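Labels run A, B, C and D following the written order; every chain starts at residue 1.
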Amino acid sequence: MSILVDDDTRVVVQGITGGEGNFHAEQMIEYGTNVVAGAVPGKGGQTSAGVPVYDTVQKAAIEEDADASVIFVPPAFAGDAIFEALDAPLDLAVAITEGVPTQDMAKVNKRLSEVDTRLIGPNCPGIITPGEAKLGILPGNIFSEGKVGLVSRSGTLTYQVVDSLTQRGIGQSTAVGIGGDPIIGTSFVDALAAFEDDPDTEAVVMCGEIGGEDEEQAAAYIAENMETPVAGFIAGRTAPPGKRMGHAGAIVSGSGTGTAQSKIDALNDAGVPVGDTPEEVADNVESFL
Amino acid sequence: MSILVDDDTRVVVQGITGGEGNFHAEQMIEYGTNVVAGAVPGKGGQTSAGVPVYDTVQKAAIEEDADASVIFVPPAFAGDAIFEALDAPLDLAVAITEGVPTQDMAKVNKRLSEVDTRLIGPNCPGIITPGEAKLGILPGNIFSEGKVGLVSRSGTLTYQVVDSLTQRGIGQSTAVGIGGDPIIGTSFVDALAAFEDDPDTEAVVMCGEIGGEDEEQAAAYIAENMETPVAGFIAGRTAPPGKRMGHAGAIVSGSGTGTAQSKIDALNDAGVPVGDTPEEVADNVESFL
Amino acid sequence: MKLHEYQAKEVFAEAGIPVPESRLASSVEEVVEAVGEIGYPAAIKAQVHVGGRGKAGGIEIVTSEDEAREAAESILGMDLKGYTVDRVLVEAGVDFVDELYVGVTMDRSAGEPVAMVSTEGGVDIEEVAAETPEAIAREHVDPAFGMHPFESRKVVYEAGVDREFAGDVASILRTLFDLYEESDASEIEVNPVMITADDEVVAADAVMNIDEDALFRQPDLADMAEASYEDDLERKAGEYGFDYVRLSGNVGIIGNGAGLVMTTLDLVDYYGGEPANFLDIGGGAKAERVANALDMVFSDENVDSVVFNIFGGITRGDEVAKGINEALEQFDEIPKPVTVRLAGTRAEEGMEILNTDLVTVEKTLESAVQRAVADAEEVNQ
Amino acid sequence: MKLHEYQAKEVFAEAGIPVPESRLASSVEEVVEAVGEIGYPAAIKAQVHVGGRGKAGGIEIVTSEDEAREAAESILGMDLKGYTVDRVLVEAGVDFVDELYVGVTMDRSAGEPVAMVSTEGGVDIEEVAAETPEAIAREHVDPAFGMHPFESRKVVYEAGVDREFAGDVASILRTLFDLYEESDASEIEVNPVMITADDEVVAADAVMNIDEDALFRQPDLADMAEASYEDDLERKAGEYGFDYVRLSGNVGIIGNGAGLVMTTLDLVDYYGGEPANFLDIGGGAKAERVANALDMVFSDENVDSVVFNIFGGITRGDEVAKGINEALEQFDEIPKPVTVRLAGTRAEEGMEILNTDLVTVEKTLESAVQRAVADAEEVNQ
């Protein structure tokens, strides 16, 4: 009834003693997430958000049998924090941090090809399996249990769509924010493949945006591999070329690649209806069920 | 009747326009090796040792369908030359160059774990399958066709043993000099495994020396995995600790690891007779046949 | 963050890449003085962040003081695709026999840098990429290792660079790649690299974009970037720490989260309006940020109406509402009509707090956008 | 190639690693002057490439000028395991509360560097490694990435370093690792890193070995290495470009190829003699190198006989034979009896060329070694 995380997931919070890390650790625990430890160098032996803190992720993983982490550390140290999660090793690392330098992520990406850990993000709201666990900063109260999977490069846009679905009584299996950076750990294709394999996900919403070719690759994947119906949305139709629209990855190149139109066309060609408004996306999902 | 190279092996010589590269390319061709090209940046379009020269290894490999290279380039550029061979990609690269900085080899070693190319060396005499092909600088005339495999960290010591065997009428399947550096592409275990798999190798000579633990690992491998009898030799019994005995890898550590005695003991424990003199090694081989 | 040509060339020169002799000038007299020192022919090149400067009249070759003066008068102060030229680079003319393209950028799909070389230099490389992609040789580089020397040679030979110059070009490419890594560039491009009549290899142009997220560890480049802002509002957004992009419409947009703000822009367009800007106030925004955002949008004289769209996750609707009230209460008269839509965390509390004398409150994104579009139309009637 | 402690500490200090204040001194007066500047207590430390200097009397702590003078007189000129002390480092004494071990070396089996940290510092770390290996925490480092900050922390915490100092120690380790890579070190070791009574973390000793094969790209370190030769014959071998190691026996050995030369040494021992040296003339040796090799071995006053063992691959027996003849013909009387064995490429031609008035020719390695051992015994009878 979910992908990647559920109520068995044992979570370390990297950066749990920081303001944001501490706040969201508490929120995650309140939501019911199985947060078992924090990891902060030099803070080992303390308690934060009610869980023990260790100096290293590996120590936390060994002592508390953790298999996932959520990373709330400042951008300058986030690349290193991800490397530490991969080294521990954990099965899943979710990097919330916005503003990680792209070249740090290129190195992380190389390392990802050598290990079995799945990375979600960075610059993402995290992942939630409603009623079971949330790893990240998503507002748990707008989600409801159900059978629609969501994957999105944007946080608040996801909330917008989820809110529409929940208000129509349509629950979600898992929602994953893959992040708005140019180089991210989990792509649309990765998430779509997981939803396709999940017998309890009956429809998927995919919210893309301008920049890169991830949506086009997802369209190709959907056309070739997916039985589960997908409803699409693409943000940034009005974005001018060469300007970074908030997300580091949301940029139409000077040569005109990465446009919303290219992505919409690709999705349409793959049989994916692309809504003009978030409400239309919810309409399309409703029509699948 | 051989391992790794035979008369089908199509060889590129990296550094063929240099003095040493050119001389040995001619020697290899004279021996019957299928040398198909040279690779030297900026010398593309020329002919050297009777074969066409290309600016890059990849171009040579594509145009001449090569699958192996022998590297004769100065130490400062040898690491890069090996990376180029791995990138081409070739199946086999043999690096003759002595004096490659160890940290360059550590990087090469990391890359080797990511590709399918086998590297022999550096700081080695190369590999020869008598009567078929030689890739390197071994003096072809002392070898004879037969069923004894040789693997050695030392060039001239190999010649010494081979000479004894040939004079006794004992021919060789393949002889491989794995090189005297601390970090090398092909270990004793790699070569022993290949000989064990070769139905036409009926006995193996392994010439080790002080430094590192490769011989101990080989002994463990022999004890557990080999049917083919192995005769051993270890050079450096009289070497003092802390001194580099010619080979960068031939050094007994200050703490007393890497000694000849440790290696001799390990081989003896694995049932491998270790000769006190090269002649005794030949005696032991003779007793196996 | 784009560097100007003159800034990028400073960086290149320091790294040992040959560049033509040059001087920066911001007045006609400075131009005349500079060409006097450099000699003729010389190029007068507008320093603005605009592609295709040459075609647009932003670059002139001069062979005499009169021509230099004339070119300086025509280029300085000219409007180049919306940007006013206030500085020109005066550069020694290069007698070239061939032009190459050399660049390094991030291949997002592969997640690793890619080096590119083409003998079709000196022309629009994106046109080359679209029409004859095989004319551009590419080499991906493993970011853990950096660029191996052989990789630089391989891509240069593959591009078909004349063997006589291949070594020099490969060496420039390797230096560019090292710069790319050391300076956290997102893109470095030299178009053209010129082969001169004297068999020298020279970087005749220089494009260098720096990853904004890495400026914290690139203090020198951050200073250069500072000097390269070209829009007062964008400079102000930088000071406030907002993600902001100025557009040409009249509906001002404020929101939280890049995807949702983009969507708001798209909806303005969808409902027949024209977005004036992208402004993301980010997560967890408090009263001061809200006030700053309103100040930004009100400062844009093109704006006729404003839509304020918040979906609260970390951001709390009640705090945003308070911020909006406080900011607007300081005005005797609200400068432009503001429509607010709050959803998510404490949205209902927020909507109760909002002073409806100052703003229009809408419950859905769609209705809020429609309202703002209507307001803007009304102003223009 | 080992650097002296004072050289390694210069390198450390430049990299920002805290080291105690110190002066190099080579006379008693310089020592007295140095302690006058540095103050008491101070350590007087012999600068020779010998392990366990402290135990052997090569380090003394002094608390007054008289003690300093006494220590300088006793250490300068002393023989420490065969090396004469000609320089001492005069260093400020450190009031420490704890001692750690921190090192980086190459793990040959893994083919990658390994960082090591132990709270059992200040003692013989090899003893610790042998007896309580679990007291040393180890972290392998991927040479493509270099050391990640988290790796330095991980190994420091795993070693059990006090949390209060863990950050500083991790930072020193990271700097050491960067030095290890930048300077092509084969080993860097600080034993001990001291935690001072003032809660500072200081590198109180410094071992740094440089990869000889990388000296070509480490010109500064090559200069330091130059200054650190301690044996005239080894210095001479460096100039000639030979791989040479001096030993304590009386049978001089010259050969080609490290493995074969080592085997020749072993056979000298096996047949009852004692090898005087390891000398590898390398591949393709021509007449001049042959003459230089003979010069080296003849210069060693311990040598009573010489065995010259060549198996020709690239090296040609006839060229070696000519070289031997030429070198020996210059002597009125051959200084020490020389036995020659040639095999491989052009060995037979070589053996015919050899002047048997000057050398003994043997056909096998075994008989050649036996002959040289017998010659040496004869000299000593």
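Simple rule for what comes next: a residue touches a chain if its C-beta (ideal position, glycine included) is under 8 Å from a C-beta of that chain, and two chains touch if they have at least 3 such contacts.
Owing to the predicted nature of the structure, the values given are computational and were not obtained by experimental measurement.
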Reference subunit B; chain at largest CA-centroid distance: C
By the contact definition above, name the pair with the higher C-beta contact count: A-C or C-D. A-C
Taking the mean of the CA coordinates per chain, how far is subunit A from subunit B in Å? 50
Centre to centre, by mean C-alpha position, how many angstrom separate subunit B and subunit D? 28
Using mean C-alpha positions as chain centres, tell me how far subunit C is from subunit D in Å, no decimals. 56
Can you list every residue of subunit A that touches 2 or more other chains, as numbers and ranges? 107, 111
Among the residues of subunit C, pick out those that touch two or more other chains and give their numbers. 142, 144-145
Among line, ring, star, complete and other, which one matches the pattern of chain touches? other
All pairs of touching chains, please: list them by chain label. A-C, A-D, B-C, B-D, C-D
Subunit C - residues contacting subunit B, complex: 145, 148-151, 153-154, 157-158, 163, 166-167
Over in the complex, which subunit B residues touch subunit C? Could you list them? 41-42, 44-45, 55-59, 77, 80-81, 83-84, 87, 107, 111
Of all residues in subunit C, those that touch subunit D in their complex: 142, 144-145
What residues of subunit A sit close enough to touch subunit C in their complex? 75-76, 99-103, 105-107, 109-111, 125, 137-139, 141-142, 152-160, 163, 180, 182-183, 207, 209-214, 217, 233, 235-240, 243-250, 254-256, 260, 276-279
Interface residues, subunit D side, partner subunit B - complex: 51, 106, 108-109, 111-113, 126, 129-130, 142-144, 181, 184, 186, 211-214, 216-217, 243, 245, 247, 255-263, 265-270, 275, 278, 280, 283, 311-314, 343-345, 364-366
